[in-house]
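Just below sit the structures, each encoded as structure tokens.
What follows is chain A paired twice: with chain B in the first complex and chain C in the second.
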Partner chain A sequence: MALGFAIGVFGVLILFHAAYSTIQYRGLLKITEEEFSGPPFNVVIELSLGLVLCMWAALTVPGKFLSIHPDSEENRIVSLPANLDFMIFNHRGKVFPVEMDLKLKQ
Partner chain B sequence: MVHSESGSEEKKSSNAVNDLLTFNAENMQNNMKIIYYSRTFLSIIGGVVAGILGFTGLKGFVFYLLLMAVTSVGLVAKAKFSTQTYFDSWNRVLLDGFLGGLMSFVLFWTFAYDIVHIF
Partner chain C sequence: MVTKTEENQLNRLESQVDNGGSGAWEYLCLVRKLKLRRSDKVLKHGLSILNNPSKRSALGPEEWTLYEQVAVAAMDCQSLDVAKDCIKVLQKKFPDSKRVGRLEALLLEAKGSWELAEKAYSSLLEDNPLDQTIHKRRVAMAKAQGNIPGAIEWLNKYLEIFMADHDAWRELGEIYVSLQMYKQAAFCYEELILSQPTVPLYHLAYADVLYTLGGLENLQTAKKYYTSTIDLTGGKNTRALFGVCLCTSAIAQITKGKSKEEKEGAQVQSLAAKVLEKDYKQRAPDKLPQLTTALKSLTLSS
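Presenting the complex of A and B:
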């Protein structure tokens, strides 16, 4: 988590450095009175590197995806009772489709 | 003892796209939030890159489309290619946050272009 954040910050710093290089390059072009057709090659490389780092950070920093199935292992919301006094049979489970097979958790 | 969580389960009627009758809405919201953050951040970064590269007009929007396509592929890869487990329909993964990201992209694109090329 902190590593992803650090990589993101590093990517943004690379982008700022590329921006500064491009500003200096434009100043140079103004002196020699040439047209700006594109930033120099190493700035393009720098921008691609910064973009790749930021993309990696954007995909890993916000957190993991959580499963939305109600019957997956980490989403268990009921534990079957062992005591006969607390077993409930008249609940709303009867409106669910029949093919869901419940797993018994001992 | 029977435990039951209240408020985190929700019944959704089935439509043509999904076949889940109920799903855990809290986790669904968490997943949507992750997609939104990722897309917004990458739109901003893409805007800065497009401004530095000096894109004007249509090239910039094509760059944005490419960036969003790569982001969608990355998000699907993050979901381990089984979007059924984490979302209820394909459209959410691919299209959510697209227009909001476009606004941020254009904003930072013009911002970066002004800073680098005009001043």
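Presenting the complex of A and C:
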């Protein structure tokens, strides 16, 4: 967990560094008056490395992912709620013996 | 809707609390959230919390919700004196509360004094004519007295005002099915499917009602809804698979002799039969020969 977090921070730092080098490269091109077609090759490699590290951290740090399928084993509907607003009390439970020690003490 | 994880959690908490462990308050909160009717356990464990003054004060303001929950559970278990004591405590704390007034009328209903309860509900309705729970209690009272047509009338009047209450539609559908008025029951289930289209149990119930009604159009619609149930449950609902097989053979029997253009009906039936056989082989292999003979007789008669 801490390792994932550290790698995530490291990946973000790499991305910032790549952005800074691209800006510097553009400044250099402005001096030599050339067209800016894209960042140099090693900055692209740095970018993809930062992407991989950040994605790995984003997937491992939050923890266990929950299923979103409605028919998966955890999410499937087992029963409907018992419709308690229409509950009636004159059912056969009246003849069950009542436990005698159930009383509300004041 | 109770999902499987919630059911597992509930069972775990229930066994833990039944064997004398802690966590009674979480169990009661879970029962209240899932709206289950476990009145004997709620009564036992709720009273164990309420009779223990330290645990009671640890609850803080939730104590009064617990009193209400225990009162209703006591009425369901016919321990009417426990219910009366709980209501007395609530009355002392909230003297002019409509919620406590509703509980008192509920107690009158549980005692069986229907006229007094009816009077209490009407007086509560005068102050608050749009209270949904009181209307529903009137329906429940009519049902409890055996006056099912009266219950249907009250419920229809209620649904004219509050059309979005899916619990009421479900109750009306079940009452119609118990009276074998299947056309009206089909209408109620249609309303339920409109409001909650992702619950496969409503599709299944609707398909059952249509299959019971019979007739070619109803059978075709029933088959569609059985297949939609299979879709929503990922093919695991045995009743829907059987329903598909039965509908296809019934449709084929009706259209015997007329031109049979559609062959995809037979495809769905054979797929469903295959899934059923696989399921039975896994879960109940000794019943497999009965299943295969039954399925063969279905396809032969079509």
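Note that in this section the second predicted complex is superposed on the first by the 65 of 106 C-alpha atoms of A that agree within 3 Å, B and C clash if a C-alpha of one lies under 4 Å from a C-alpha of the other, contacts with A are read in each partner's own complex, and residues count from 1 in each chain.
Everything below uses one rule, namely that contacts are C-beta pairs under 8 Å (C-beta built on N, C-alpha and C of every residue); 3 or more make two chains touch, one makes a residue touch a chain.
Note that this is a predicted model, so its numbers are computed, not measured.
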First, second, both or neither for A:22, with chain B first and chain C second: first
Which superposed partner A:83 touches (first chain B, second chain C, both, neither): both
First (chain B), second (chain C), both or neither touched by A:51: first
Touched partner set for A:14, first chain B, second chain C, both or neither: neither
When both partners are placed on the shared chain, which of chain B and chain C touches more of chain A: B
First, second, both or neither for A:93, with chain B first and chain C second: second
Touched partner set for A:36, first chain B, second chain C, both or neither: first
Which of chain B and chain C A:62 touches, first, second, both or neither: first
Common interface positions of chain A, toward chain B and toward chain C: 69-70, 72, 75, 77-81, 83, 86-88, 96
Chain A-facing residues of chain B, complex: 1-5, 8-9, 20-25, 27-28, 30-31, 33-34, 37-38, 41-42, 45-46, 48-49, 52-54, 70-71, 74-75, 78-79, 85-88, 112, 115-117
Residue numbers on chain C that touch chain A, as the complex places them: 1-7, 34-37, 43-44, 47, 50-51, 70, 75-79, 81-82, 85-86, 89, 109-110, 112, 133, 136-137, 139-141, 143-144, 167-168, 170-171, 198-201, 232-234, 236
Of chain A, residues touching chain B in the complex: 8, 11-12, 15, 18-19, 22-23, 26, 36, 38-39, 43-44, 47, 50-51, 54-55, 57-59, 62-63, 65-70, 72, 75, 77-81, 83, 86-88, 96-97
Complex contact set, residues of chain A against chain C: 69-90, 93-94, 96, 98-99, 102-106
